[in-house]
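Notes to accompany the following structure.
Order of writing sets the labels: A, B, C and D. Residues in every chain begin at 1.
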Amino acid sequence: MMILRAPVVSLRSVGPDMYVLSLHAPQIAANVLPAQFLNIKATDGSEPLLRRPFSVYRTQGENVEILFNIVGAGTRILSRLRPGDLVDILGPLGCPFSLESDFRTAVLVGGGLGVAPFPHATNALSRSSRQIRTFLGARSSPHILRDHLQNVSVATDDGSEGYHGTVVALVRNALESGSIDRPKIFGCGPEPMLRALARAAIDLGIPCEVSLESVMACGIGICQGCPVERTGGEKKYSLICNEGTVFDARTIKFS
Amino acid sequence: MQVHIGSLTLRNPVLAASGTFGYGDECKELVDVNGLGGIVTKSLSLKPRDGNPPARIVETASGMLNSIGLANVGVDRFIAEKLPYLRTLSTAVIANIAASTVDEYCAVLSLLEAQEGIGAYEINVSCPNVKEGGLSFGTNVAMTAQITRRLRPLTKKPLILKLTPNVTNVGEFARAVEGEGADAVSLINTVVGMAVDARKKSPKLSTVTGGLSGPAIKPIALAKVYEASKAVKIPLIGIGGIMTAEDAVEFLLVGASAVQVGTANFIDPATGLTVATGMARWCEQQGVARVADLTGALEVSTEFSVLRTWL
Amino acid sequence: MQVHIGSLTLRNPVLAASGTFGYGDECKELVDVNGLGGIVTKSLSLKPRDGNPPARIVETASGMLNSIGLANVGVDRFIAEKLPYLRTLSTAVIANIAASTVDEYCAVLSLLEAQEGIGAYEINVSCPNVKEGGLSFGTNVAMTAQITRRLRPLTKKPLILKLTPNVTNVGEFARAVEGEGADAVSLINTVVGMAVDARKKSPKLSTVTGGLSGPAIKPIALAKVYEASKAVKIPLIGIGGIMTAEDAVEFLLVGASAVQVGTANFIDPATGLTVATGMARWCEQQGVARVADLTGALEVSTEFSVLRTWL
Amino acid sequence: MMILRAPVVSLRSVGPDMYVLSLHAPQIAANVLPAQFLNIKATDGSEPLLRRPFSVYRTQGENVEILFNIVGAGTRILSRLRPGDLVDILGPLGCPFSLESDFRTAVLVGGGLGVAPFPHATNALSRSSRQIRTFLGARSSPHILRDHLQNVSVATDDGSEGYHGTVVALVRNALESGSIDRPKIFGCGPEPMLRALARAAIDLGIPCEVSLESVMACGIGICQGCPVERTGGEKKYSLICNEGTVFDARTIKFS
């Protein structure tokens, strides 16, 4: 975990209002694990005040990349960066996906921008002997980002590409068919999707990790601002930023 | 750069504010904690608190609202798990105490008083008083005075009362706690505020209202500290929206002897350090011999020294 | 888009706030003034006021402090020089009144009452009460109630009391003026704040403290309006940091029937218009039949409907 | 007076931290008078919140130019503009210099960035049969901007160029020498300089107009935030933004 000012290497548009920002940050590129995130300060000033969390999308040599879409003021500022501009980053943060546990096929499930951690995860997995199946869901075809992924199946809300329906329905079908060898699910995306995914995983008795989001003030466990309700444990809440963002799906009490 | 808060000497006037620096150990990878004037712990309650449901945080223009619900490990686990690390520090450790009854304030302080390694107590009176239907202790002068009166005999260490800005006349509160023997007053805690999700037609925070902090409230905090400085002689600790050394100097000029950095820690936990070193540099450049000389050094022309004028 | 404030019908819920739109004629080149729900005049005092010495304005994080000193032409010149233009407008004209004694409030209102063209009165109680050493009327419930009681018999037009946020419990003030027959309450006026020039070691405003306004205070204003809405049944007018239609909708949701746009006029005097048209569009998009349906429509889960909780 | 979003034509560096920004604003270029100003919004957001006032430096066909130096957040944002970016401007504002009154030589006196209104004034004057003498003061030589001016004499605080001393001392010398035919002074610059200039003009019985500055919230007379104390009149204060910025120097009570 460190704070540094990383120069912008490039910013490329990869879809409707979607960008990949590449930053030169060797210390982070060398260490960041799949599903870890960076907390980025978009301005020098007080507006927007807080850092903005983004998953690491990829590492490329000494560079780290994030994938983002324009949501509000912070991401708008990021979308105007130019090579050489300095970006203040705090990271790497959060606990990674457990890619070392006992499974044969990693089932990567991304909804919308939830695809972001999977290229880096794919890269890590491809160094092991495991299989990868990737399932992506999005509103419509132009929002699907297949780069740097393997064995991609697609679901779109409007049916403009792949399966017409939710990505969770698509994954459930695939898992129920039994064709996937010793699967473990890794999910990232909007909460309703993760809730449905957790439900499916529990129904089918398949291990499942989900990476959660929350508004964050600090990203490092000092503000207590990012709780998620857990099932069973002694504590009611865990902090998404440093006890997560990755949790065993069975332990999360989705709202 | 030394300053004094009652019998406590701080190596520099910059503290980390309660609730914005954890228990000091979370940031040690990022910050040389001993470079701070001191650390104020997250508010400690008698029992551990889980905190409020999400959402606990909303960003606002140059500020943020929080409704953490005083999530904390409780005084026992603090003593067992957090204090040992804090004792290894050479900087001052100030334990912040929260409670929902006067007895509970006393109980927490007594438990801490039995321990080594705590330099002073800061009392968070912005807590719901269960006996008064949840109304905050800190908005009632008599209650605030009573808490001070009850705690004062329990310790010889500096007792700092942390005041809420959500009152008509903060000077009155400062005077009341000074009268009961408080060694210092710190202010301000967060300002009551609210955010609404227009589309969902619902409050953005689970508790409807929350506490506003950050640069947005700095002007309010400066006015409150100035007001308190006209009311009492005990040292003041200024808090509210401090991001830079210049901000901190402003608080000293209006009457504070020390400052606390809060929300800025979320953006960079090393803010307290950069503020402290920046203040040293500032004093040097401006020919100020001791940082303590800045306290109350604001030059106000007598003609307009009244607090209340036509706006 | 119509809303009602007592017997006054506004064509839409967006007014220009007092002191931020002059007397309506300054902006006519830039704005179709009749597109507003109404104009609140600069506060009018019995005699013309020159205002405070410079500096009167300081920018702060997402806000500004002002200490104008209620510079205004006085009620006589207002009647002679400003009202004739205002009478030509088809939108509502609300005369805002300021004074330093209760008698003076009455005198100004009586002079205006003899004129055509005024739709309602807004009473600015954030004024120094000369008989009480300059303490603001508006921070004293009894004084605020007394002003209302004395003014009420003097007019049948809607009487709007404009409350200050610089009090512990704004609901109490709203209740008091409702009890004395006020038709509506508008809030908030500016929040007391201060800015310091560290290098010069002096306050940035000539009057030391001033009034904070702009986006920085929106969370505070929303909380105050929400608090007032729990206290009274009369209509509320929400003010504080409104820049966009969505901001305005937020104020309606927490209980306001109309809103006022203040500081935003300095950035663009047409803000009120864009807010009004934006609200109409917003209602259409969100399937809200009448804008008045938004008033108080905030959905608050009962579990956390308490105003005072642990932060 | 109007509000419009004008595209940036160019931004050129003209000295240490000094820039000239050219904006395409035909409606303003056609009408703006010497010493009038524009009130410019540097961001879409709330930080900085208020507009920033700048004198019109020059008009060039359909473009208006401002000269500025980097002071704080607002001017820093301006210094990062690029051609095509849109800038929100309110103007033209304020009362202009009275260039039509009875004099033969316009004595233009600029201190620091106070030179800003004089290129536009020079252009207006050069269409009449009047003489122009220009006096510029600055800290040191690199801060002197002689472009688009006529008959320039220079004073620097450090003596690195021209007269070693204040520009007011230089002007006083020139006026006292009697060599300037029926002069009228037009001054713009920091307050202490204008105070000294007013003193000199009164001493020498020469008409003098000064353009004043103030923090401004609105720039159009609605906030009452920009008072200057007057001598003699019935009102104590006038508003700099719309009763000025130009005032007869004799009527100003300098602080």
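One rule holds for everything that comes next: a contact is a pair of C-beta atoms (placed from the backbone, for glycine too) under 8 Å apart; a residue touches a chain by one contact, two chains touch by 3 or more.
In this text the structure is predicted, and so the values were computed from the model without any measurement.
Touching chain C and chain D at once are the following chains: A, B. Taking the mean Cα position of each chain as its centre, D sits at the greatest distance from chain A.
If you average the CA atoms of chain B and of chain C, the two centres end up 32 Å from each other. Look at where the CA atoms of chain A average out and do the same for chain D: the two points lie 54 Å apart. Centre-to-centre, using mean CA coordinates, chain A is 36 Å away from chain B. Note on chain placement: the centre of chain B and the centre of chain D lie 46 Å apart, centres being C-alpha means.
Within chain A, the positions touching two or more other chains are listed as 46-47. Contact of a single residue of chain B with at least two other chains is seen at positions 53, 61-63, 66, 68, 214-216. The touch graph of the protein chains shown is complete. Taken together, the chain C residues at the contact with chain A in this complex read 61-62.
The part of chain D that touches chain A in the complex is made up of residues 45-47, 73. The touching residues of chain D, counted against chain C in their complex, run 1-3, 41, 46-51, 90, 214-218, 220-229, 235-237, 255. If you check the complex, the residues on chain C that touch chain D are 19-22, 26-27, 29-30, 42, 50-51, 53-59, 61-64, 66, 68, 71, 214-216, 243, 263, 265-270. Per the touch definition, chain C reaches chain B in the complex via residues 49, 52-53, 60-63, 65-70, 98, 126-128, 134-136, 139, 166-169, 190-196, 198-203, 206-212, 214-220, 222-223, 226, 241, 246, 249-250, 253-254, 282, 286, 297-300, 304-311.
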